[in-house]
Structures are given as C-alpha cells and as structure tokens.
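Encoded as structure tokens, the structure appears first; notes follow it.
So that you can tell them apart, the chains are marked A, B, C, D and E in the order they are listed, and the count of residues begins at 1 in each.
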Amino acid sequence: MTQAEPLVSKPSVVAIRDLHKSFGALEVLKGISFEAREGEVVSLIGSSGSGKSTLLRCINMLEVPDQGSVSIDAEEIRLRGRPPHRQIADEHQIRRIRSELGMVFQSFNLWAHLSILDNVMEAPLVVQKRPRAEVEAEALAMLAKVGIAEKAHAYPNQLSGGQQQRAAIARALCINPRVMLFDEPTSALDPELEVEVLRVIKLLADEGRTMILVTHDMEFARSVSDRVIFLHQGLIEEEGTPDQVFGATRSARLKQFLNAASHT
Amino acid sequence: MSDDLAFWLGYLTNGKHLTWYASFQFTIFAALLGGSLAVIFGLIGATLKNSRYLPLRLIGSFYSSIVRGVPDVLFFLFFPLAFEQAVEWLVATQVCTPELIAAQSAAWPPCQAANWYLGTPEYLILASVSLGLVYGAFATNVIHGALRAVPRGQLEAARAYGMSASQVLWRVHIRQMWVYALPGLSNVWMLVVKATSLLSLLQIADIVLWADRLGAPNFLPTVGLVHDDWRWRYYLVLFVFYIIVTLLSERGFEALMRRAGRGILSERTN
Amino acid sequence: QETVRIATEGAYAPWNFLDDAGKPAGFEIELGNAICETAGLTCEFIINDWDSIIPNLLAGNYDVIMAGMSITDERLATIDFTANYFPPDPSRFVAAGSDQIDIAALSGKRVGVQGGTIQAAYAEENLAGANTVVSFGTADQAMADLAAGNLDTIIADGAYLEPVVAASGGAIVFVGEDVMIGNGVGAGLRKDEAGLKTKFDDALTALKKDGTVDTLIAKWFEGRGPYFAE
Amino acid sequence: MQVLLNEIVAFWPAVLFNLYFAAASIPFGFVFAVLLALGKASTNPWISRLSRGYIYAFRGSPLFIQFFMFYSLALSLNISVWKPMGVSWFVLHPLFIGPLVLMLNTAAYTAEIFYGALRAVPRGEVEAARAYGMSRFQQFRSVIWPNLIRLAWPAYTNEVVFLFHATAIVYFALPVIGAQKDLMITAKEFFERDYNAFLHFSVAALYFLAVTLVVFFLFGLVYQRLMRHMPAPPRLRYAPRWMR
Amino acid sequence: MTQAEPLVSKPSVVAIRDLHKSFGALEVLKGISFEAREGEVVSLIGSSGSGKSTLLRCINMLEVPDQGSVSIDAEEIRLRGRPPHRQIADEHQIRRIRSELGMVFQSFNLWAHLSILDNVMEAPLVVQKRPRAEVEAEALAMLAKVGIAEKAHAYPNQLSGGQQQRAAIARALCINPRVMLFDEPTSALDPELEVEVLRVIKLLADEGRTMILVTHDMEFARSVSDRVIFLHQGLIEEEGTPDQVFGATRSARLKQFLNAASHT
C-alpha cells in the first residue's frame, strides 16, 4: 500500500513498527505499523474504541506499548522490561523527544492556574530553558496566529471551548515541535467553535507541518490529509490518500463506517 | 528468674494494675454516652438550623459555630464547672439564708448548703455530656448537610401522599439522611473517642491518669512494682489502644454504611 | 453518723499513695481513719490532683485535705488547718549521685518542684532569679526528670525524699543545706467548718497523747520521732 | 466592663504562648506533610506503607497521649542521647517538645488533606506536562503543586485553626517552666482563685475565637489570590470542621 | 367549549378555577380553569416551560397557587395569606385530600430506602392507617397488575426505569385515589420501557379511573384521553376531545406545536 506521492522521497519523521498494546485482557492495538514523512498530514479514523487515542498516546509514550517500537527522526525510543511492566528506559531521551512532539488533547488540558500566555510559555521556559524574552515574543506570535492574541492574559476558564482549543494548539506549537499530534481536536466543541479550530489546523497543514490527527470528521479528514488510516479492531484495515480511502473504498468495514458517519 | 516472673505476674495480680484495666470502662462509657449524645445534640442542632423561625435558626447556627470555634478542651473543662455552678446557684436561691451566706468564707458556692458534691459518676456523666455538646456541634454540621443532601423529590413524594410534616421528617428525611451523614458521623465518633483521653482533667481516674501513676519511677516496694521511669511504655500501650479502637470503629462504620446504604448506594444487581 | 470526705493526692508516699489494691494507703490514711474513729465520724478518702486540691475543697467537693500539706500563712489566708500531725520538717535538696552541685551558690540550674507546694513557693522566691524553676503535676514526675538528668536538683519534703534516696542505692543523693519552711503538716479544712475543725483537733490531741500518732510516724517514716509524746 | 478589660489584658501574655506553639509547628508540619503525602502516593510500596502507617497512627490516637508519650520517651533518652550531645535543656523544654509533637501530629492530618488533593489533581493537566517533556520534578512544580495547594487550601485552613485549638492542651501534658503559662493554664488558675468560671473561660474562649477568625480572614485572602484564575473565585467560609 | 359527551353529566372530581402562579417575576400560570369529571382522562399538552408540571403540582398543593382555587369532590382546598406567603390553611384537610390524589412523578421518586413492596405499602399504612395484612394483599395485587410482582422485595435502584415507573404507579394506586395525576410518566424512559408504562396507563384508563396526565406523546394523548388541554404561555389555548384538538386544530400556536411534535 505504498503511495505514489512525491512525499515518499522525504525522510520519515515518525515511524511506528508492529505496535501492540493491551489493557488487562483487552488487546487494543494488535500490531500497527505506519510512517509519517516530513510535511505529511496523516489522519486516523475508526469507530469509537478502535484504539485511535491509544495509538496516538503511544507515539509520545503517554502509554507505553507492550511490543513494537516508535522512532522519531529515525531515533528509536528506548524501552525496557516485559509487559505489563514495560517502561521508558531513558528519561532524558524521552523528555527530549517529547519536546519534539506537540500534543493537543481532546479536552485541551490547559493548565487552569496559568494565564493563556503562561500556558504557552511554560514548556519552552521550563523544559527547553529558552530565554524568557524570546519565548514571550514567540508565544504572542503563536497566539496571534491562532487568532486569540487578545486573550493572552485571560485564564483558560474565561475562554470559550474553541478559544481554549486554539490556545492548546498555540501551546503545542510554541515548543517548535517536529510533529503535531491532535486527538479529536474538535469533538468537544459545538459546530461553530469547530469551524474556528479546523481553520487553524488547515492553516498549519498548508504551512507544511507534519501532523498526525485523530478525527471523527470525515469531511475534514478528506480536505486536510495527505494520507488517511482506518483503524479497525486494533489493526489498520485500510490506508491511502483521501481519494483512495473515501472515493474508492475497498474494505467492507470501512464502507459501513463511512455510511454510518455520513448519517450523523 | 523467679523474681522476674513474680514481677511480671504483678501485672495480673497487682490491684493497682487491675484498677487500671478496670478504668478502661470509664473511657468506653464516656465514648459511648458522649457519642450518642453528640448524635442527639446534632439532630437537635440540625433541626434548629432548619427551623422556619429565625430565632431558632440563629440558636442552631450560634451553637454550632461558637462551639467549633473554641478548643474542645476548653469547653470540656468549662461545661461541667459551669453546670455545677448553675445548679448550685439555683439551689442557692432556694436554700441560702442571709446568715448562711454571711457564714460562707469561700468565693463559691453562695452558701455551704447549696453545695453539690461531685464524685466520679457525676463527673463521668458531666464529662460525657460535655463531649456530647462539643461534638454535637460538629454533628450538627454533618447532619445539617446530610439533610440537605436528601433528594427533594423523595420528600415531595411523601408530601404528595398526604404524610404530615413530622411523618415526612421521620419516615423519609431522617431515614435517608443517615447514608449521607455516616461518613461525617464516623469522623465525629473518632473525635469523641480521642477526646476521652481528656477525662483525667476532670478528676476521673481514667486510663491516662493510671498510666502516669503506674509508669512513674518507683523505688518503694510498698507503693507498687519497683522500676524506673516506664511511662512511655505505658503511654505506648494507650497509643496502640486508641489506634486499635480507631481501626475497629472504621470497620464498624463500613459495615454500618453498607447496611444503611442498602437501596441508596448499592448498584443495580439485575 | 456524720460522713466526712477526706481528699488526698495518692502520689506522695509514704504520706499517701495507692497500695497494691489500688486503694489509698499510707500514714495519712491510717491517721485519718484513727481520727475519724476517735471523733465518731465515718470517713471516706477521695483521690484528687494536687494542683486542684484546695480549690476543690473550697468548692465543697470534700471536707478535709490530708495530703502532706504544710501549714503556711499563705494557705491560712484561704483555708484553715488543724494542729499539725507531723512536726515542722526540713525541706531538702537532692541531685543525681554523679552530679557536683553547689546548692549554696545555686545558679543557672534547673530546679524541679511540685507545683503548688511550699517548696515551689520557696523556689519561686529564692531561686527563680538565677535558675530555671520547673513545676510538675506530681512529685514522682519531678523525680523521673531528675533521674533522667533533665533537672539538676529537686527541692521537696525531707520525709518524702528519705526513702527514695535510701532505695535509690546512691543514684540520688542529698545535697546542700536543709531549708526550714512551713509549720508542719496538718489537715486542711474550709474556714466555716469550725465544728469539724474542733472535732479533728480534739481527736488529734487525744491521739498524740496516747502515742498513736508517734506510732504511725514510726511505722511509716523509718527512724523518725517520737515527736508528740509527753 | 472594666473587669472584662482587665481580664483581657491579663490573658494577653498567655495567648502569646499559644500563638508561639502554632507558629512554630505549622511551617515544619507543612513541609513534612508534603513529604508524607508524596510518600503515601509513592509507587514504592515501602515508602507508601511507611507514610500510610505514620499518618494512620497519628490521626488514630489522641494528641494528649502523644504529648505524654513523646515527653517521657525523650526523657528516657536524655542520659544516653541528649545529655552527651549537650542539647538536653533544649530538647526537653516544653517550648521545643510542644511544637515538635504538634508538628508531628499536624503533619499527619495535613498529609491526609494533601494526599486527597493530590489524587484530585486533574490527570489531563499532568499528562499535558508529561507530553511536553517535563521531568517529574518539573511536573510537580509547574502543574501538580499549584493544583494541589488550591484544592487543599480550604481544608488546610481548617487544620490550621484546629492546630491552634490543640495548643490548648500542651501545658496539661508538659511541665510548666517558671511563669510560662498559656491561655488554658491561666484560665484554670484564675478560676481556682475566684470561681468565676464564666468570666475566665469566656475570655480564654474569646481569644481562641478571635484568632480563629483572624486565621480564616488571612487564609481567605491567600485563597482568593490562589483562586484568581476562577471566573468567580469561591470564598473561604468560616467553617471549622474537624479536630484531632 | 362544552363537550357533547355523556361525561358532562357526571360530577366533577377536580375543579380548578382561575389559577395563577408566579415564581418571582415569572408568571407561569395566568388564570387556568378546568374540570375533570368522574372517569374522565384529561391530557395536558404544551411546550416545555408552558407550566404543565406547575399546574399539576398545584392540584395537590405541592405548589401553592397565588390566586384561584382547587376543589376535589366539590371540597375547596383552604388556603390563607397573600402571595408570596400564601399557605395551606388546614393541614388535616390537605392530608386527607392528598391521599385522594395519586401522584406519579416524572422521575418516579420512589423512596430509595424502602423495598418496592414497602414503597407501595407506606402511604396506606402511615397515612390511611389501614391494617397491614389488608394493605399487603392489596399492594401485591397492584404490583401484579402493573406486572412487577416478582420485584416486590427488590430496592428501587435495582429496577430498570420502566419497572420503577410501574412501581410508582402501583404506589399511587394503592392509596385508592379518586384521581391519578401523572407528570410525563414516560419522558425519562427509553422507547421500550415507555411502551410498558403506557400499557399500564391505558389499562387504568379503560378501567374508568379519573386521570390527569401531562405528556409529550401526542399519539398517546390521542389514544387515551377523553379531553386534551393545550397550555400556552400560562393560559389554556385550546381544549376539546382528541378528535377536535388533533383533527380540527383551530389555534395557530397549537398547529405549530403539533407540527414540531410530529417531527421529533
């Protein structure tokens, strides 16, 4: 299932090999492999419970996979031990790699006690230890980019959902990540707010940023992605360009899924 | 060797030690009576706080916030003294003649005839009432909150079927209140139990007083077992005793909670 | 028969203490019973903490104190005493056997007393300036602190200290000069109990005369007396 | 009225002792409590068990007993430990051992409060911190601690009030040095002089009540500052709740 | 708007005259009058917030009206005081009358601390002071009638929603009420459970019991009612037999309402 796009010649930024993950008796991921190349936008779709969030969380090791590997820029994240006690082997490595991965959570997870600006500046200051003046300038620029510059000194819970999600995106962007990871960036939002956020993500896609996103919005996946991956029962059931996946669906399961999706 | 044996046997035969063991009854009595009274005062306080009449509401709030704003020891010491004096004053108004008052040299009571003797039983009861009053203020808070936690619909249903106000209160409101109040009351109970360690401050020869007396260094065989200062060992025993009581109480309350929560807390089983 | 309640501390052997049965025992208990028998009264001993023993007498929780209490002018201001049943006795200093301590020039030391005793008043007046006076609820507590080295010296009734020093096998020793304070030990009563005081005094006089008091002193305080024999 | 004023003045030196006991034990108790709470939440079973046991023991037994026990324990170690170290006079002084026991006690209660708050820290916010590469310490400083202290503050305020109340029993358990007397001992002595229970105990109570209110006020100010990120900052209410 | 049915000759069991009720500044009922005759089934319909529940709750004085009167069996419920401190004047009277009115709440409000059987027996025993043996027999019969006899010794939260609602109906029936009052008896239930409950209510209607019910289910209102009342903005906008109201709608508001109702 290789792609005919020029992207194939670019280096792979995220490479996932044979990922397995179980929660107790429940095997959620049963061997997932895929790559995201420089500048590529990959969408993960699939029904609820199919393991999309788990897969995304394995990329930055918020969940430690039971088996398989994750490499960022060809550097494999080192793990040790056997499941279920598999652990991160090198705290320094993972911290360095995590600061290359800008994760945007479904429920934002903004730090409630910090102003928006402080939220955005926290990781660059604390983790990357960059000078405050530089970080502040960049943070303000990021906030302007996502369109909430005037909210810099507000606290998260003074913002609407869409504004919060955009702040969360600014926060992720400000660590200058190689890859942005989005987990259903709009599912907690009402349709109006959704539009605001999708606009920002599209903007990033157009800038050529590498992104992996989990979404329920097929329209959006189609318009923004270079590649779409359909997860089903812990495996990749179908993968390809949006046109291939949505236009020339082969898997019966995916057909059924797309059918159901278009009805809601 | 046999000396040692005789010495340790003393812990089973020595009358002072036996009295010490027996004095646990004071502690247990005070805890049980104090705890029950705390619940009763708590119910009264909460009812006052819920009253429709402002003065009663104020009394309820005043009681629960003032008592809680003052250390338990202070109230614990004050109440028996104040109660004794109040009774003596009342008696004095009846029995004291001017001559008797003139004959009285001490500052209190007004006259000797009005004096009220307090022995261990009286002190024990006063101490328990005192504990009840102090922790009743805490229980008031707990029960007040629990009464408000009962869903309104449960009360409306009772009213809709023609129950009188007191029937609604006793048959539905208070019955359901326990589930919400138990965790808080369990906490109050633990406080009462721990406060029983203060009994010796009211001239009750309780476990703490005996631990001090028996643990003190003794050189004279006539006075008791001869040993150095062993007080910390005796206190360690009490320390462990209280921890065990806490442990058992916790178990007890868990069981109680399961019973009271039947129907309200248990999940669907079918 | 009139019932008289007598308060005692129960922690001041050999005057008064709790025996192996947990009941009050000691010199004052036997003496008290003898007095009551002579005066035709029914007596009952009550245990009360030392520091509230006078207030509770005044409050009427009992009628008499027999707790090794010395007769002092200060106490006479609030309560009455019978004639003494133990003669004026020196208060004495003790220290741990290993310590070198100069009582005559006592300075910078920690002096233990039982709160509310004549020795406490003495220490407060004469020693508090240059030393630290630490007061305890019972004499035994003070003794424990001395034995543990937390005090440099204790001042207490000689008659209380003697058996302790004797039994300690050199661990605790007398030091310095004795101090004469107090007018002997008597039974304390409320001032308005003149009748009771008379009964006690009469009984005491009789018991002193027939040698009972001396016998009891000899029994409980080894090698003391006779004081009251004609 | 004049009587009342005189009485209030007479109690003034005494309240300083209670204030001292509270002030000397609260800061150390706070720090110790944080360690204990983290210990209880630790994944290391031994550290967790030890902290849990400590908290249980100190919350499950009366402070009064703890005073007696620690004083006599310290006393029995005097000859072998404190004396040779030359700290004897210091260790057994009520002004040291009093706050020490209060500190050990309040640390257990506070630790339980902090532990509860620790478990209530929003998981998502901590995950976000992890996702951006923060180390454990950075996570604690940036996210966990600010959340914890906010969640725990109202309960902690209560604990401070009751610690202050607990200072009332220090001198019932420890020897009194010279004229160093706190509110309760003073009230008791005054009472034994003239039997005016209502006056003396009321004035002592008044002092306790006043300090209680001041604590609620000051801690309330802090709370308001802590909660300034909330649209309508919740107010700290006068609500003394538990005692030991 | 009198009816041509034979019911008109029967005595009126519930008579409401000029009922007004405000909550603070919000005037919810602005003068409602209607009657329910012996054996009649009256349905109250209207959009959310139109005051249906309030009206029902005024009948048994769970809400005390500001103005107007309610009579049960020609006996007027005595009130005293002026709004907003208007109160029930005679506690004995209201208790007697309430035990003639079997109210079934939207959220059931079964007493959680009592078993189903005890729930049903509570009011007859405590309020009506009937002998236990007789009440128990009747309660079991009622439970059998609504089809949950085997749940007699279960606690409410061990029952499904539909079973709870049927238990609530049994509880109301067991006081032998002159009138049953239902507040949206099915709106808290899923469609399957709804059917169970509607079956029981229909059964009661067929038995000729006087009932006043608030419902959102137009189908059901049509099939079960003798008369339908449409509330709008605190007033009765239209009233008549189901055929009149649903078949020959006159009010424009009602037309709009029915239109909307048929779409959801």
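One rule holds for everything that comes next: a contact is a pair of C-beta atoms (placed from the backbone, for glycine too) under 8 Å apart; a residue touches a chain by one contact, two chains touch by 3 or more.
Chain identities (UniProt): A, E = Amino acid transporter; B = ABC transporter permease; D = Histidine ABC transporter permease.
Computed from a prediction, not measured in an experiment: that's the story for all the values here.
*Asks:* Ignoring chain D, which chains remain connected to each other?
*Replies:* Once chain D drops out of the picture, we get A | B, C, E.
*Asks:* By the touch criterion stated at the start, how many steps lie between chain A and chain E on the shortest route?
*Replies:* Minimal hop count between chain A and chain E: 3.
*Asks:* What's the overlap between the neighbours of chain A and those of chain C?
*Replies:* Both-contact set = D.
*Asks:* What's the chain with its C-alpha centre farthest out from chain A?
*Replies:* C
*Asks:* Please give the pair of chains with the highest number of C-beta contact pairs.
*Replies:* By number of C-beta pairs in contact, the leading chain pair is B-D.
*Asks:* Please compute the C-alpha centroid of chain C, do the same for chain E, then give the distance between them in whole Å.
*Replies:* A distance of 85 Å separates the two centres.
*Asks:* With chain centres taken as the means of their Cα atoms, state the distance from chain A to chain D in Å.
*Replies:* Taking the mean C-alpha position of each chain, the two centres sit 46 Å apart.
*Asks:* Chain B to chain C: how many Å between their CA centres?
*Replies:* Measuring from centre to centre gives 35 Å for this pair.
*Asks:* Report, in whole Å, the distance between the mean C-alpha point of chain C and the mean C-alpha point of chain D.
*Replies:* Their C-alpha centroids are separated by 40 Å.
*Asks:* Can you pull out the residues of chain A that are in contact with at least two other chains?
*Replies:* Not one residue in chain A touches at least two other chains.
*Asks:* In chain D, which residues are in touch with two or more of the other chains?
*Replies:* If we look for residues of chain D contacting two or more partner chains, we find 72, 75-76, 191, 195.
*Asks:* Would you give the residues of chain C that are in contact with at least 2 other chains, written as numbers and ranges?
*Replies:* 52, 58-59, 141, 144, 148
*Asks:* I'd like to see which chains touch which, written out pair by pair.
*Replies:* Contact pairs between chains: A-D, B-C, B-D, B-E, C-D.
*Asks:* With touch defined as at the start, can you tell me which chain B residues reach chain D in the complex?
*Replies:* Per the stated touch rule, the residues are 65-66, 68-75, 77-78, 81-82, 85, 106-108, 138, 141, 187, 190-191, 194-198, 201, 208, 211-212, 215, 229, 231-232, 235-236, 238-239, 242-243, 246-247.
*Asks:* Across the complex, what residues on chain E touch chain B?
*Replies:* Those in contact with chain B are residues 60, 62, 91, 94-99, 101-103, 105, 107, 109-115, 122-123, 126-128, 154-159, 171, 175.
*Asks:* Over in the complex, which chain D residues touch chain B? Could you list them?
*Replies:* Where chain D meets chain B, its residues are 56-57, 59-66, 68-69, 72-73, 75-76, 165-166, 168-169, 172, 184, 187-188, 191, 193-198, 201, 204-205, 208-209, 212-213, 238-244.
*Asks:* With touch defined as at the start, can you tell me which chain B residues reach chain E in the complex?
*Replies:* 151, 153-154, 156-165, 167, 171-172, 175-176, 179, 262-264, 266-270
*Asks:* List the residues on chain C that touch chain D in their complex, please.
*Replies:* 52, 54-55, 58-59, 110, 115, 128, 132-137, 141, 144-145, 148-150
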